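Below, subunit A partners subunit B and then partners subunit C, in two separate complexes.
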Partner chain A sequence: MDVRYINPFVKSIANTFQTMCGLSINVEKPQLKSGDDPSSDVSGVIGFSGDAAGSVALLFNYDVASKIASAFAGTEINEDHDDFSDAIGELANMVAGGAKAQFEGLNISISLPNVIRGKNHNLSGSKSAPRLIIPCNTDMGTFYMEIGMVLTKSVAASQTAAVGASQ
Partner chain B sequence: MKIMLVDDSRTIRNIQKNVLKQLGHENVIEAEDGVQALDKFNQDKPELMLVDWNMPNMDGITLVRKVRELDKAVPIIMCTTEAEKSRVLEAVKAGVNNYIVKPFTVESLGEKISQTMEKVAAKA
Partner chain C sequence: MDVRYINPFVKSIANTFQTMCGLSINVEKPQLKSGDDPSSDVSGVIGFSGDAAGSVALLFNYDVASKIASAFAGTEINEDHDDFSDAIGELANMVAGGAKAQFEGLNISISLPNVIRGKNHNLSGSKSAPRLIIPCNTDMGTFYMEIGMVLTKSVAASQTAAVGASQ
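Showing the complex of A and B:
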């Protein structure tokens, strides 16, 4: 994955969590996803299509997710609450939307949120899009952002041609 | 004033309801997609609409176009993660009166609502 595509997600997650939850995020160095990644209990996933393909996911354990969902909604939302998954999905939606807006010149669409629940699950992505895991530390605990995004072939080819022409 | 909130996220609708309550508006109708909103629009005749863009069944931009075929005047605020200038222009062209990008602060949402109502009142 091109590292230029990481910053929009980092900026967006910081803005989303500060604005909606009043929470500062200390983002650690991204790591390439391997077989030894942290598992999660709830994941909010948004897919990308159009000029770029892939997805962004926010991965939480139940304890951290409950605290963050409660801060977001302004009322206590634990894992059994009817709005728990909705809150996690909407946060992922805002992070994806905020990042998408920073990819100037690319026409990208985002999917509706999908929320996956299950103690200690892992997400699997396409092998064609290497995935990065970014630890996000907050006062409410640590969660992870997982990103896998590649430009579609025609867009990548035109960008390569543009770089070649400018050299 | 009767206000319709259209968003597939109940969490967002609840946040919006709280802001409206602070502004003294408690007469709220909720819809979770464009189809439901259009049905309720015909029945309930809201006086202000807050509309999300990305929703299942019928998205917000389609809803705005359909509402404008029925009612040119009802104020509509688009409240969405779609932040690109091209999207804002598309929404304005479809007939929205104001636009707020998620994530939003409670204060900014309150301001947009008040601002929209003032503009509408000034035109009347």
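Showing the complex of A and C:
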């Protein structure tokens, strides 16, 4: 993935969590996902499509998710609370929406959130679409952002043409 | 959800599984999802966006998923096989793509598949976007299709205006 498409997610997650949860995030270097790890207990996933197709997911264990959902809602929320999944889905939605607004020259739209709950589940995509894992360290614990993104063929071709023309 | 937007999914899942797995599906009546059920062991999820935002998910237990992935691949594939997640993701992708092609008057695009694995996980969306569960009975066992879909405001408004004008 081109760094131009990673930075919007990194900026958006920092901004979303600072604004909505009062939480500073120390974002580690993105790693290419290999195998199934990290596993998670609750994941908020948003798909996107248009000039690029893919998804962004936030992966939490229950303990960290409960603390963050509580900070977001301003009241104690654990994984059994009615509003728990909505809070995690809304955070994923805000991260995706914030990133989308920063993409230059890419017209993409985002889907509705899916929230997955289940101890130690794993996400995967297709082998042809590599994913990045970005560890996010906070005072409430570490969680992960997982991004997979593939430019549509026409956009990828026009970018290659533009690079060729400028050489 | 308007029946006009459910039928494309029903037709697409029947066509996809017949063509790709040689499997007939007896589709039960759609039910409004309440609570977390059904849980699943492996889920293939595709988001979509554009004139409508949402997602379609196929929910399997491991036993049914292994049988169906094996029929799809033409060789024995269980949940530990390297190609297992790809097979489930590709089936979800084909169901979404087939439905998309049948939407009349709606321009939507689809994301890349996410495949979730983990014994007894649950999917949920936001409370403001109800979901339908469609049980799919086959000779290999029962699985479920879960659909959530919301028209974008401009499309919903134009449809309301069209109904008003025709009255």
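Keep in mind that, in the parts below, the second predicted complex is superposed on the first by the 166 of 167 C-alpha atoms of A that agree within 3 Å, B and C clash if a C-alpha of one lies under 4 Å from a C-alpha of the other, contacts with A are read in each partner's own complex, and residues count from 1 in each chain.
Rule of thumb we're sticking to: a contact is a pair of C-beta atoms (placed from the backbone, for glycine too) under 8 Å apart; a residue touches a chain by one contact, two chains touch by 3 or more.
Because the structure is predicted, anything quoted here is derived from the model rather than measured.
Once the two complexes are laid over each other on the shared chain, residue contacts for A:I110 go to subunit B and to subunit C alike.
Residue contacts after overlaying the shared chain place A:S55 against subunit C, while subunit B stays out of touching range. In the superposition on chain A, A:A14 makes contact with neither subunit B nor subunit C. Looking at the shared chain after the overlay, A:D86 reaches both subunit B and subunit C. By the document's definition of touching, neither partner reaches A:A65: not subunit B, not subunit C. Of the two partner chains placed around the shared chain by superposition, subunit B is the only one that A:G97 touches, whereas subunit C remains out of contact. Once chain A of one complex is fitted onto chain A of the other, the partner contacts of A:G47 are limited to subunit C, with no touch recorded for subunit B. Contacts of A:A73 after superposition: subunit B is touched, whereas subunit C is not reached. In the superposed model, A:G118 lies in contact with subunit C only, and not with subunit B. A simple residue count on subunit A separates subunit B from subunit C, and the partner touching more is C. On subunit A, the surface touched by subunit B in one complex and the surface touched by subunit C in the other have residues 86, 89-90, 110, 112 in common.
By the touch criterion given at the top, residues 15-16, 19-20, 69, 72-75, 82-83, 86-87, 89-90, 93-94, 96-98, 100-101, 110, 112 of subunit A touch subunit B in their complex.
Chain contact summary for the complex, subunit C toward subunit A: residues 36, 39, 43, 45-50, 53-55, 57, 85-86, 89-90, 108-127, 129, 148, 150.
The touching residues of subunit B, counted against subunit A in their complex, run 8-12, 14-15, 18, 54-56, 80-84, 101-105.
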